[in-house]
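Below is one structure, written out as structure tokens, with a few remarks after it.
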Amino acid sequence: MTLEIRGLTKYFGGIRAVDGVDLRIAEGELVGLIGTNGSGKTTVFNLLTGFYQPDAGSITFGEKSLVGVSPHRINRLGIARTFQNVRLFRNLTVMDNVRIAHHFYREYGPLSALFRTGRYYRGEKKLQEKVEDYLSIFSLQSRINEVAGNLPYGDQRKLEIARALASEPKVLLLDEPAAGMNSFEVRRLMEFILEIRDRFKISILLIEHQMRLVMGICERLAVMDFGQVIARGRPEEIRENRKVIEAYLGEDVPFE
Amino acid sequence: MTNPLRNLGRILSAYVLLAAGITLLQATGLANPYWIQILELACIVAISAQGLNIIYGYTGLFSLGHAAFYGIGAYTSAYLMKMYGGQSQAAFFLALLAGGGVAAAVAYLIGLPTLRLTSDYLGIATLGFGIIMKVVFDNADTFLPELGGARGMTGIAKMSTVPWVIFFLLASLLIVRNTIYSSYGRAILSIREDEIAAEMMGIDTFRYKMVGFVIGCAFAGVAGGLYAHLYTFLHPSNFDFFKSIDILVIVVLGGLGNMSGTLVASFGWIFLLEGLRVVLPPGYVELRWVLIPVLLIVTMLLRPQGLFGTREFPYLRGRLYR
Amino acid sequence: MEYFAQQVINGLQLGFVYALIALGYTMVYGIVRLINFAHGDVFMVGAFIGLYTIERLQFPLPVVFLSAIIGCTILAVLIEQLAYRPLRHAPKIASLITAIGVSLFLEYFTSLRQVFGPNFYSFPRPFTVVGWEVRGIQVTNIQLVILAVTLVCLLMLQFIVYRTKMGRAMRAVSYDYVTAGLMGVNVNMVISFTFGVGAALAGVGGVLYGIAYPQVNTFMGFMPGLKAFTAAVLGGIGNIPGAVLGALIMGQSETMVSAYLSSTYRDGIAFVILILVLLWKPTGILGTRRSEKV
């Protein structure tokens, strides 16, 4: 299914955080959304996931419009995300964090839980197996019973991705997944992302500042500045794009 | 995997042991009837406190009006029993459930507009609701004279025997435990932890907030019914803001989101109150209320996470968890 | 018609006293996000200081106010340093429970025979009451005193918060205390100062309350405290003009309901209004939404 944004606009008071953005993510694509700080990238994520309502423009997924749909419904329709500042359920275990995202797919009802029927035990076992599966991608199974807030930062970021995956999305929105990672971890992350894309057949839209990751795995890029998309194309093209360079470095830099 | 029948057996034997044991003590006169009544009160308070534990400890909803739902349950079941139930045990059971049901229904209505408020505002809205209900209780005799209003309601049958109270206490613990250690319980916990992230991971946070709130208030309603039929006299001052504070203190002292802590704190609080009444010399009984706040302050300063923190008694710990 | 106007005057009288208490709640909440349950009892102590200084010590009225200010400020700062400051980094609920504990302690400790005692005491009138009739409405000099003193206090507060360095520091800490500290603001002192100012106002309110409704008792702070806090929420918690607005609304509605319906409903009506307002504007009338960044 294709995720399509047309003319997406969001104002905050007088500021145009997102100004007429068009974006299209087809099935299975790995697209990067880059741009200077404050250019509106995370706001686009917030609009896509229903946290904000757009002031103008449309968001369609397949044939369905996502505007006005509540965030949890949008997630069930197939869009999951991670956050710029990690938002794990800090006092709960790693297992709980991932399990909760899979709640919609539980195979028992509240009465089964209350009376502890066989269905409940089977359902819980299934959930546990699913969780172990997702965690194994990131080599986090050994930490399954640890409290999420106690994990090292890099593991927390990976856990957040695992959690998002557990909600069985068709589109995964990753908000600066490599923030705070060293070059070794970034390389591992690049492998994880490609593996996820191939294994689960999902599309990925990625906000990131680390150019090595962006240039390394994204098929296409969109560059934002002051709420607008100023350039699109393949990574090699974007690297040479004058407008992009000006946006990042300023206008007086001599163009080589 | 445990045998569910063996579990059931264990629970039933615990019940029989407790209920029969205490009733025996009561019947033979070995135990002082005054203290048996205090024990029953402690159990009732524990049920109500588990309710607030669900609402605040697990769902993270700051409710300062819990006593109002306690009162709604009390008056509802007392009225039904008095008008229609007589002395029938079956009627009593139904009346208690009705009390819980009405409390749950009111909670649903109140929840619809207020659960969208942020924490401190929710607290103040529930506090306001509590005060409004107290005013309603005070003036209840204008529309239903049997309720007594500010004069109080009398003529309630003493139906809350030890077996009933123990039954509902164990039932409440079981319900909380089985719900919390399930996907539904975890959905509720996720709201407390990070409501926005929970919403984005597919949890219908409004629905689960409502579930937590309604169930918690239903617990209070049932407890209120048991209370009414223990003391056989109801007065609106039993259901004021101070009572809501009492329950809040119990839940926090025991450890928020901790069944064992709530249980122990309920018993501790009631027995401490009564114990001090006995221990202190006659003219100084009111000193309790000077000592208890000091104890409260010291406990919070030394152990802000509550007495139990996050540790639970063995049976109340989920098996699939750490 | 005169009856209505009379009730308006009475409502204003009550509202201004509530305002003085509400300001303390709103400032403390704005700066440390704490609902200071003990604030109503500081108000009560102010009333008792007023009682003592007027009746036993025969101080002139300005000195009475000064004593109440000094006494209440010391009390509040002590509470803040002993009970709230250690819990500043603990979960908020711990501070709240502690505040409840302090409130209960103040109420019951002062009700001991050895301290203030459990009875209701009659508050002496520090000046002879003079009344005038203006077009059928009774106005007394009590109301004028309340009006004057409250206005003076509000003006002084406005001056402190918006025209002094300390006021700027208070506003900075209420936005972001970590950054304020990094910018050189002595956060602890600012917080204590805020508690002190709030208490001073409550102390003045206590004396005024005693003059207007001359019966005091160690539990008198509970209900007015609750209502004043509700008033602060009604106006938008953390918002100073909001607290005054909310208090005036509370005072007015309480008086009107008492006059036209029945005094048994007086406690309830204010909360009905609160809930209605919160449904319409979840952050209070003048409140601003602190939007959460995701």
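Each chain carries a letter (A, B and C) given by its place in the written order, and its residues are counted from 1.
Convention: a contact is a pair of C-beta atoms (placed from the backbone, for glycine too) under 8 Å apart; a residue touches a chain by one contact, two chains touch by 3 or more.
Here the structure is a predicted model, which is why all the values come from computation and not from measurement.
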Pair exhibiting more inter-chain C-beta contacts, A-C or B-C: B-C
From chain B, the most remote chain by mean C-alpha position: A
Separation of mean Cα positions, chain B and chain A [Å, integer]: 42
Gap in Å, rounded to a whole number, between the CA centres of chain C and chain A: 48
CA centroid of chain B to CA centroid of chain C, Å: 33
Sequence positions of chain A contacting 2 or more other chains: 51, 83, 87
Residues of chain C whose C-beta touches two or more other chains: 294
Multi-chain contact residues (two or more partners), chain B: 196
For the chain A and chain C complex, residues of the former touching the latter: 42, 46, 51, 83-84, 87
Chain B residues within the chain A interface of the complex: 1, 4, 7, 175, 178-179, 182-187, 189-190, 193-194, 196-205, 310, 320-322
Residues on chain A engaged by chain B in the complex (per definition of touch): 49, 51, 70-72, 75-76, 80-81, 83, 87-93, 96, 99-101, 103-104, 106, 108, 110, 113-118, 120-121, 123-124, 127-128, 145, 163-164, 166-167
Chain B residues touching chain C - in the complex, by the definition given at the top: 113-114, 116-118, 120-121, 123-125, 127-129, 131-132, 134-136, 138-139, 150, 196, 241, 245, 248-249, 252-253, 256, 286-287, 289-290, 292-294, 296-297, 300-301, 304-305
Touching residues on chain C, where the partner in the complex is chain A: 294
